[in-house]
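In the two complexes that follow, subunit A is the common piece, with subunit B as its partner first and subunit C second.
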Partner chain A sequence: MKALTRVGQTLLAPVLAVLIALVISAAVMLAIGVDPFRALEVMVDFGDTPSQQTTAIVVVLNRAVPLFLAGLAVAVAFRMGLFNIGVEGQYRMATVLAAGAGAAVSLPAPLHVLVIIVVAMLVGAVWAGIVAVLKVTRGVSEVISSIMLNFIALGLASFLLTGPLRGSEPGASIITTEEIPESGWFPSLNGVFGAIGLADPPRQLYGFLLVALVVGVVVAVVIKRTRFGFDLRATGLSASAASASGVNARRMVLTTMLLSGATAGLIGLPDLLGSNHTYGTEFTSGLGFLGIAVALLGRNNPLGIAIAAVLFAFLDRAAVPLQIAGIPSSVVTIIQGTIVLAVVVANEVSRRITRRQAESGSAVAPPSTGDGSTGGGQGPDGGPPPDGPVGTGPALTNATGAAGRTSPTGSTS
Partner chain B sequence: MTESAPLAVELRGITKRFPGVVANSDIELRVARGEVHAIVGENGAGKSTLMKTLYGMHRPDEGQILLDGREVVFKSPGDAIAAGVGMVHQHFMLADNLTVLENVVLGAEKAHGIGAAARRRITEISDAYALGLQPDDLVEDLGVGDRQRVEIAKVLYRGATTLILDEPTAVLVPQEVDELFGNLAELKREGLTVIFISHKLDEVRKVADSITVIRRGTTVGTADPATTTAKQLAEMMVGAQLPTPQTRTSTVRDTPVLQLTGVTVAGQGTRPAVDEVTLTVREGEVLGIAGVEGNGQAELVDAIMGLRPLAAGTIVLGAEDITGWTTRTRRERGIGFIPEDRHRQGMLLEAPLWENRVLGHQTEAPSAKGFFIDRKGAVADTERIMREYDVRAPGADTLAVALSGGNQQKLIVGREMSAKPRLLIAAHPTRGVDVGAQSVIWELLKDARAEGMGIVLISADLDELIGLSDTLTVMLRGGVVATLDPGEVTPEQLGGYMTGAVAGTPAGAA
Partner chain C sequence: MKAAALLLAGSLALAACASDEDTSGSGGSGGGDSSEMPQIGLAYDTGGRGDKSFNDSAYAGVEAAVEAFGGTAEDNIQELSPNSDASNRADLLTQLADQGFNPIIAVGFAYGDVIGEVATQYPDVDFAVVDSTGVDVADNVTGLLFAANEGSFLGGVAAATKSETDHVGFVGGVETPLIQSFEAGFTAGAQAVNPDVIVDVQYISPAGDFSGFNDPARGQVVAQGMFDGGADIVYAAAGGSGTGVFQAAAASGGRAIGVDSDQYETVGDASLQSVIMTSVLKRVDNAVEAYIGTVVDGSVEGGVDVVNDLSTEGVGLSYSGGFIDDIQSTIDDYTQQIVDGEITVPETP
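Coming up: the complex of A and B.
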């Protein structure tokens, strides 16, 4: 019961925020002369034939996988109070070097894929590690250095692409790295559709989805259940209290950034291993920045991030159909932007409400908390000092909602 | 005092609610012009809330404020100042790098400009009330007592006729308290009204013309200081007997637990924050460290906990040199820590109680199992702490922010005691907690001492220090200036050492 209301409370804010964002977006659409209901209709229309519909689902999921990983990468750092704005640069560097490495080696299939994944994670971690080292040794704000490193990463990736790692013919309009041999491709999950009785779409559902799910579970467990995760969250809640508790702040910054960077290194791999097999000038960009929005929307919680990633992917998919229907595809960007803004506001508001509720809870300490297990046993055997039954603070009557519960305390003096 | 003259300040039925709490309910206060009126009550009784209401920092939900018989409504402190009510905060709000003149004028430039007229006015005020201020002194060069007088001058400069002093003696040593009382007498003679907030009953009886007692957010009565004993006042304040910090017989053993040798910590400027401190704490000994705040106690604590690097010196725990150890290793090897500021260093306010149980003991049972946090074990142990240490909260899942200061502190004390440390660093362990929690914490410290724990006790409460300590040291400007026998020293003597008025003569500990 309690857990249910808690889940309800955590969900309430983002859901409300998304609804408010949709209303605002609708208003904007009206202002630019677009019928919002028509736009919505186009967005949710996944096509007529079963094959079209499953294709749409595949497009959404394929887009959601990198967004989910990007959100995770941002969230890991964020839980500790670090703003890793450099996810964009980290995944670009990781992807270009992983593509290069993948094309350069030739190994049996599972090993080949593994090597590419490891290279990507290492590069991402190293690139994020620079930020951590600068912060720990020189006190450079991670926000500044990670943004700066984004530019360096983009430049460096272009250099690598046009120089040492160039695989395409001279004069080709699209420059790419050399293609990764088939042993380095990640098998698709299209068999699943047949198994659950859906039409097999022409598109490949990225097998990397499974890797992303595993990463998500690992990150969730590490953050929630391990000692390391506790230190990480404690640092995020109060750096001073964490270091007084024995957390080595420098080491935490380093480890967390490495972890965040390693996760960021994976962002480009679904596309690289699942469909492109090369890194090139046309490779998906901006995922690192979208990751920040996704992490915010998902409240830095892996499950929330997954939902947010699917939502963003759904909106992104709508861009093309909208254009076909003669509606500017920037409608999608407007909705995404307003959602992020609304969610940030809603999160802060709900955080304050929860905190306030908690604070006001202090006035009604032991009696009648509902489930007799805690409230009942405590009063009698605790042997409270003689000055009244309600020990916390002033034993006053309660002002807000719970006034009825405290009626007996007022008369004791 | 004529009956017909309107009261300088009258509060009728003031009620102030915060979400979930009624901080003040139905407060009645009548202050006559030209008197020093004390408001006494324990920590958390609602004194400060009431004064914030009177100073316009927030508006009461119910009730009236009358000044000189006329009802007023304050929307901000600006309105209160305009109406002649001024407040001297407990924590000074002065810019250290400005002069007395600049500090006083700051924000009130309209009154007399910033030049000669302002200087003249400040000198007038200083002379009229014997504040002894030099307009061109830098505030950073002034002592605590002088800073307080600058705060008083600020209020007077803005034309206040009613002054609120919030716990003005909390930061002062006994000699400075006497000087302050002299100043208050001057103010009174000039016809100003002073509202004096305190929980120190002896002081109140010395300085006040009348007393209003607040308990649990409401006024429980008024008293005449001439005819009321401190004991009667205490009973009004608490509704119960006051606990005493007196320890029983000595339990000091021979084995040293903590030895500091020449410990030096770099400070902000050229002067070290901690200057060659050499101390020994034995098993079963409470070593009290007295000192005006900011004389290196906080830095010394940080150094012992490994939170601040040493510039020189060694720290030995038991027989091991721990100078190079991390904070975590120190804690694992038996140092418990009750920090000075529990919100900053002792708790995660937005985390549940069981996570706060884990904090600082992340690597030990029952908080951890291998690399994982043992949630079940931590929750069960939190519930045990809540029972044994009388922490009043609905359950282990409650957020720490929901607890009162006293219950938060009891949780911290329980947590640290549960690890059975060899050495406990207790910095201001009873600061900001109610009397009930205070006596519980004192008892816990006494029991731990009897079991052989070494305790370093830092406190601003001289009675607490004298009552609990086996050995008392005084820190001044980063160094230990005196080692005293708490059985013989009086608070006044201790104050002398703390300000440097009495030169340090180590008197040999008990």
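Coming up: the complex of A and C.
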């Protein structure tokens, strides 16, 4: 009976969230004169020919890989109550330097790719490490310092791109770094389609998908099955309690931010190693901010983040067919925003129910979520919503702002 | 979480089914009945329609062409805008091609990165890309280029001639090579009239951060700084951020120069209209319309660039509002010198 209640509680939040989001989205669509069922039909239509259908799958997966990594990077910090808004800057710095390093060296294929990955992870970790050092030595809120560092990273990446690392010829409209030689490219997974009897699409499926899966499993194991992960989660649930039981809060902040930054460093690599082979002025930006939404939606759980990333990628792809069907593509933004908002609300509701039960003493229920994003509330107020250059819309910005108000724990104090 | 997983798996399964069954739904729109009238696909860059400038100008050209050939905007034009981080540019072009649109016009140099790959996959479709080259990209891609530096030169001439403080300004949206060619032309033009003129140059955002094309608030701050520093005419080569420059001009009693479209006509605000002295036109509309013409009559050849400059009237100044009517002879004089090759306008600052 107890087990059943627990399962019910775990399921309650996401089911509520999805239901609420669907109802609100449908209502908004009706209000702007769009038939919600028609919109849904268009969104799930992957095309007529087998090749179009597999292309659509590739588009969704290729978009999901960086979103998944971004969500992971944010979630690692979230789990211990740190709000790393700096993922954006961390991956930008990592990508531009990794692209530069990749173009500068010449190595046999697997080693070359490995070097690029290691450089990206190191740069991401160092950039996030600045935030951690500021926090443990000077008590600077990581929310503030990581936002500030985003601007510095943007300017620095631009300087590196237009200055020392510039590889495109003068006068070209798109400035890029030197192209990474072919030994540094990550092979695509298109062979898989043939192997399982699907049409081989013209678009390349990023091989980095495999790396992302490995990273996801490693993060899951570290958080759930190691001493470090236990300390991390304990600090996220109650910094003072963890500290009292012997967890070194300073060291935890430092290691967690390094881990989060190293993961963030990988975000740009699917695009860099899979298709662009250069970092340039047109390189996808804003993934770090989207990662916050993805982490929230996935409730900071690697499996949940994977699902959230695929869902976001699926919705993103749908924006194009929606426009062709004469439906405003902002429908997608509305759905993304309401889903994230609904998840935040649902998490909070389920947390309160759990707490009330615990308080009444009827059950020794553990906190139902166990993720940093809803557990806190005792820390300093979160910073302003990230005013990124490419927010997905006001709804998302609000959602991330809400997270900021509940996550920090002030574990150093 | 399991429920979400199930739902998602369900929706993906649905997706597979739906796409198998529904073969008539979306394919129909692109097919087209009349063989004469092309179905035109138009892919914008970030900013999209409603920027009162570049993208709107491209649409105006397509609309004019469609009407000239007896079609309607509703039936014959499909516009697409990218997602917020513009990571799906290639997908926009692919989807347009899959839906049977031909020709497909990509608006913005950012498409230069991806159009080659897509065009190679659809050899029977004609592609055009505005502001980027079609040479050595693919055999079916035409580049529609503009000598933005020449138009900006005339803007510099007008600014320096009209300036009472011998101090003008240039606000660039993003520090990209394209906008730098605007700056180079503007500075050269101003100095051609008055070698001692002070030209303030500032960009709203650095290369790699495209927010500068769509941030009127920061445009206003930057321009206000120039007006406060003594400049009386500021050229806004900043896409959607130009509105902020106009607001700063109105607030300081200065004047501004618009870009791409005739912004005196498109700004849609009487108080701002009076500060727009002229606009450096980039006739994207004419170029796009002419391109569609070549597609319809079959004379289109891919793998080439169509360069629109002063000699083809692809760039120039607008005279709406009559603020620079009195110096038209000076402008015409410089125009002639550039066309004749007596003046070579630099492309980089």
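The definition used in the following text is that the second predicted complex is superposed on the first by the 344 of 413 C-alpha atoms of A that agree within 3 Å, B and C clash if a C-alpha of one lies under 4 Å from a C-alpha of the other, contacts with A are read in each partner's own complex, and residues count from 1 in each chain.
Note that in this section a contact is a pair of C-beta atoms (placed from the backbone, for glycine too) under 8 Å apart; a residue touches a chain by one contact, two chains touch by 3 or more.
Model, not experiment: these values are computed from the prediction.
Of the two partner chains, subunit C is the only one touched by A:A172; subunit B is not. Of the two partner chains placed by the overlay, neither subunit B nor subunit C lies in contact with A:P164. In the superposition on chain A, A:S245 contacts subunit B only, with no contact to subunit C.
When the two complexes are overlaid on their common chain A, residue A:Q323 makes contact with subunit C while staying clear of subunit B.
Of the two partner chains placed around the shared chain by superposition, subunit C is the only one that A:T284 touches, whereas subunit B remains out of contact. Judged by the touch definition given at the top, the superposed model places A:D45 against subunit C, while subunit B stays out of reach. Contacts of A:D231 after superposition on the shared chain: subunit B is touched, whereas subunit C is not.
For the contact definition in use here, the residues of subunit A common to its subunit B contact set and its subunit C contact set are 390-393.
Listed in rising order, the residues of subunit B touching subunit A in the complex are 17-23, 25, 44-46, 216-217, 238-240, 305, 307, 326-332, 337, 339, 344-351, 355, 358-363, 368, 371-373, 375, 383, 386-387, 390, 392-395, 398-399, 401-407, 434-437, 439-440.
Remark: subunit C residues 1-5, 7-8, 11-12, 14-16, 18-19, 22-23, 25-27, 29-30, 78-81, 83-88, 90-92, 94-96, 98-99, 109-110, 112-113, 121, 131-132, 174-178, 205-211, 347-348 touch subunit A in the complex.
Subunit A meets subunit C in the complex at residues 10-11, 14-15, 18, 41-42, 44-48, 52-53, 55-56, 59, 63, 154-155, 157-159, 161-162, 170-175, 202-203, 271, 276, 280-287, 290, 299, 301, 303-304, 307, 310-311, 314, 316-317, 319-321, 323-325, 329, 332-333, 389-393. On subunit A, the positions that touch subunit B within their shared complex are 225-231, 233-234, 237-238, 240-248, 354-366, 369, 374-375, 378, 381-388, 390-400, 402, 413.
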